[in-house]
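One structure, as structure tokens, below. Some questions next.
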Amino acid sequence: MAGASGYAGGEILRLLLAHPQIEVGTVTASSTVGERLGSIHPHLVPLADRVIAETTPETLSGHELVFLALPHGHSAALAGQLPESVVVVDCGADFRLESAQAWTTFYDTPYAGSWPYGMPELPTGAGSRQRDRLAGATRIAVPGCYPTAVSLALAPGFAAGLLEPDDVVVVAASGTSGAGKSLKPHLLGAEVMGSMSPYGVGGGHRHTPEIEQNLSRAAGETVQVSFTPTLAPMPRGILATCTARLRPGTDVTRVRAAWVAAYGDEAFVHVLPEGSWPATGAVTGSNHVQLQVAVDDRLGRVVVVAAVDNLTKGTAGAAVQCANLALGLDETLGLPVAGVAP
Amino acid sequence: MAGASGYAGGEILRLLLAHPQIEVGTVTASSTVGERLGSIHPHLVPLADRVIAETTPETLSGHELVFLALPHGHSAALAGQLPESVVVVDCGADFRLESAQAWTTFYDTPYAGSWPYGMPELPTGAGSRQRDRLAGATRIAVPGCYPTAVSLALAPGFAAGLLEPDDVVVVAASGTSGAGKSLKPHLLGAEVMGSMSPYGVGGGHRHTPEIEQNLSRAAGETVQVSFTPTLAPMPRGILATCTARLRPGTDVTRVRAAWVAAYGDEAFVHVLPEGSWPATGAVTGSNHVQLQVAVDDRLGRVVVVAAVDNLTKGTAGAAVQCANLALGLDETLGLPVAGVAP
Amino acid sequence: MAGASGYAGGEILRLLLAHPQIEVGTVTASSTVGERLGSIHPHLVPLADRVIAETTPETLSGHELVFLALPHGHSAALAGQLPESVVVVDCGADFRLESAQAWTTFYDTPYAGSWPYGMPELPTGAGSRQRDRLAGATRIAVPGCYPTAVSLALAPGFAAGLLEPDDVVVVAASGTSGAGKSLKPHLLGAEVMGSMSPYGVGGGHRHTPEIEQNLSRAAGETVQVSFTPTLAPMPRGILATCTARLRPGTDVTRVRAAWVAAYGDEAFVHVLPEGSWPATGAVTGSNHVQLQVAVDDRLGRVVVVAAVDNLTKGTAGAAVQCANLALGLDETLGLPVAGVAP
Amino acid sequence: MAGASGYAGGEILRLLLAHPQIEVGTVTASSTVGERLGSIHPHLVPLADRVIAETTPETLSGHELVFLALPHGHSAALAGQLPESVVVVDCGADFRLESAQAWTTFYDTPYAGSWPYGMPELPTGAGSRQRDRLAGATRIAVPGCYPTAVSLALAPGFAAGLLEPDDVVVVAASGTSGAGKSLKPHLLGAEVMGSMSPYGVGGGHRHTPEIEQNLSRAAGETVQVSFTPTLAPMPRGILATCTARLRPGTDVTRVRAAWVAAYGDEAFVHVLPEGSWPATGAVTGSNHVQLQVAVDDRLGRVVVVAAVDNLTKGTAGAAVQCANLALGLDETLGLPVAGVAP
């Protein structure tokens, strides 16, 4: 576990503590080397007395499975020094994008390439799922938190050919752990509580190309998305409101069924019964995505709202789910199936 | 002041306590008649010992100015029994809509008609503002909170002919005081804190026709809006993310200027300097609207984000602002010009 | 599981979903009979389609283990109709107090008697623990949430003879789930967020006699407590600040060691390393209590601060822990050992 | 206004914007020199375009009144270079303590002396108030936020001779703005929301000697206090639960009357009607203190709970109130008399 002192690293460790087949090995970080894990993550009681080692190929060697939760731009060099046979699951952005050009437009480090994309439930055309690419993989790129919510929300409509590819608007609210532990004034508790604000408005958020990559794959054509993220006064959770125009002639009474069918067999993605709407509080700490679909037939638009915990299914839960697939374990093993509410 | 025990009523009283020309007269309500105001609104210290009277034409008579903050459907009968010469400012929905059909579609009580609409800053075509209809009026309908944020966010673009009327998508987050004091399980603190959820998805929210009425007036043609409201874990504030497609051929470098020009002379509506984004925390308790405008030129869309306090500029502040206009006072008199932050 | 629709009932179900040896049987309640559990507790995804039955002896019969989470005054009649051989774990107050007089002073229903008190870690004099009374018991009274935090915080000092019995002052803050789902205006999200307030000041809180019973047992003499509970703007968690006067002549350098020794072997009660202080956020959703002890030697007082999740270790976690003991299982089985943070 | 970029400085500016007799002059700071005030305090709309100057004797000269809101240890040097005739109101700790020894024990900079202490309502023995020392003063030390709440809560009981001086226990919860804008991990929003934690336990908090100084003055003898501050998940507000032992023989039926009498004529300190309890939400943004008094006659203790906004009456409101007194203005001029609730 490299990058253990951040929120993603802490969440991976939390999940592994309940995992029946994976044991926590060496725990590494950079600026907190030598500290007790209990002083960084006091909630991880059974690991409190572990001492944080330095993130190097040497400290990570000898493990069958390595999770990376590093700032973007740091995974490639490290992964390159780990044996091919080791399963490496990267929570960073480095290997998510297939397009070097998209990477270069949105990120400030050299393009590192792409790894199998760790969103098992994503419809990828012709009835297949992304899951098929993950079984037995030894390198996996865990999706971003917003792309998890938005892609799972809209992909069934694109896969079913119901949605226009050029009129997608998404506004999503995230809890502040999504911004990590960086010490910035606008992330102070006094600033955050009681206040909502947008950021990255106008298409500039780095998760935009990742969302478009996923939806384009589901649609079989290029999908473009207007994406506005906002910061909400809560520690965890993403609520993504995703709307797209229905293709002319769509039978609006059959729209919702496309989503129900897409996720009927999925353990972690749930279309709620009609009349119920997702709330981020219901998925806190769990690996679930909750969805609801509505059609605004006056305007010919579908509105899909998805709730997900940005740290669990949005990051660490997906990482463990992918590790299960890579290791040939039951995909759901060790993952929390109930949220912590209220 | 009729309807004093709710949040809107309490906020009107808070503002009037600081108003140099308006004195609080009789304070009335229905279920709390006979109680000390201090037991309902402990924050209104100077009025703590006022006893709440019953809302009747008699208790309200003899005042030059009457504010109504009643459940919808109750204003018409009461207002009809108040003299024409009394200035009546209604915070309810009853007289906001000009279309009887729109009212009937979205509300469950008979259509009561329409009064001059209390949004002074709204561009209403040909360079005029809604303010012109309010000076000296004796009946005024205060706008809804969401329509305040959304209409002021998008109207300049429609008034300047920059935006397509049929591709408007709005997602707005509101603090829970927007839902009033009704005792519903999903409004309990334990449910609300740490959670976001949508409601009225698919076009059903009652504020939709009011938003469309305002934007259509600014545009000079029919505007339709996909509107999704969400509930955010904060007591006050609305953050509205409003997006519309630019007309083909629009010079994107000139878009923002339309908003700057529209509100350059306004006391309460502010386009922030480029690079700054509004936060609801900055307008808490104040009568300001803060806006920012961005163009996503890849998609040809404009994104306008507005922050407003739903109880102040979104309700009670607008009511006092309109009362000032009706009484011939300085429009800004007694209104808070600084938010309470952090 | 009787009383499934409240917060305590929901938390018990959450824990049982992860329990390897206990399976959820019939789920009952009163006002929500016939509803899907998913509409009441959307976070309990695997149980979403369970239909709530009515709480009667018949619906509960045939189970080896029954949890009661009922309003106080309802447990006795129901438990009396369940076979003696069934293990009944009651989360209500009905059977916690050994003194009929204390019950009558603080509660408004007839005294029902007392059951073995479900706080395994409580020192009960002469080196014994309350745990000894729980193995194989078929009736167990789960402690209240405040008494859990306060008793575990102060009992080691009384058991070691370090503290004066007549100068104990406790101020505790609780998240609002502690007040349950009752629809009261002061529990609305808009009222709760951004605000703290006390209640039950002056000794009137019902948890006072329970705290005194526990501390008196540890001390071997009568202990009296000044207890003030406050409501904090968070969904879960109790932070109890507990202070008592040291007996004259106490060696202040040895005080902390009494707590370290008392809980050194306990799985769920932890004295943090010196310099670290407990935070409720670190125990959210877990069965842990985190403590720290300080001596104010200027004043000759000890200050112990305890953090606990009121719904987990404070209620449902203790219930499952006691059920484990009653059934002869490992006491820690199925209980969460990591908090959900941040 | 020196130190304008912090929370105290921002709050002073907010209050001055509504003050009819004081105009905001030069606005200075250190690390933010040259920035627009709007980028630091976006809620202060009318001052948004002010540019922050450097804090030097030169930039501050030429003003009749200077507020200092600097880190402790910085006020003495600056104040020494301002003319004696200028009214200097210091929000820092530097001049609050009369005892050089107490200063040295709790602070890490040289003792600077003491100025008239800016708590007008404090009973100071023999029927007098601290207010008498402030009229016409040219140097005033504004109290700390906790000492404001605690001293006003307990002083009437000491002034009336009702309370034992050696058994005072105070536990107070503060919103996180009390910790200022310092970028520390435990102050991040994700850490703070949903969590409460103590700090400075065991008598080490710097506000302890200030509280003891005030209560000793009221009592006419040395009072010692066990003080534990805690951090609560809210931006503003202090709730102080203050308890002391009644002197033997005290008539408990007359205790509350001592508080009612002490503050009957005060504009900003209010003993609530019996049965009502203070909430910090009711004083947000206002200059009020709300109190309630209860006697736990079983234990012979009085419990006084006080709610105050740490930034308003706890800092900036007191500063303006003192400036009013110093300048010979009405003490209440320009100060908010209603809280912003909900």
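The first chain written gets the first letter, and so on, giving A, B, C and D; residue counts start at 1 in each chain.
Everything that follows uses one rule, which is that a residue touches a chain if its C-beta (ideal position, glycine included) is under 8 Å from a C-beta of that chain, and two chains touch if they have at least 3 such contacts.
Model, not experiment: these values are computed from the prediction.
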Report the chain whose mean Cα position is at the greatest distance from that of chain B. C
Quick one: report the Å distance separating chain A from chain B, using the average Cα coordinate of each chain. 37
Dist(centroid_CA(chain B), centroid_CA(chain C)) in Å evaluates to 45
Counting only residues that touch at least 2 other chains, which ones in chain C make the list? 7, 175, 177, 188, 190-191, 193-194, 233-236, 278-279, 281-282, 284, 341-342
Building nodes from the protein chains and edges from chain pairs that touch, which of line, ring, star, complete or other describes the result? complete
So in the complex, which bits of chain A are touching chain D? 7, 175-177, 179, 181, 183-185, 187-194, 233-236
Along chain C, where are the residues that touch chain D in the complex? 166-167, 169, 171, 173, 175, 188, 190-191, 193-199, 201-203, 224-226, 228, 230, 232-237, 239, 241, 243, 245, 277-282, 284, 292, 294-296, 298-299, 301, 303, 305, 307, 341-342
Chain C touches which residues of chain A in the complex? 7, 10, 13-14, 17-18, 36, 38-39, 41-46, 177, 193-194, 235-236, 270, 272-273, 276, 278-279, 281-286, 288, 290, 336-342
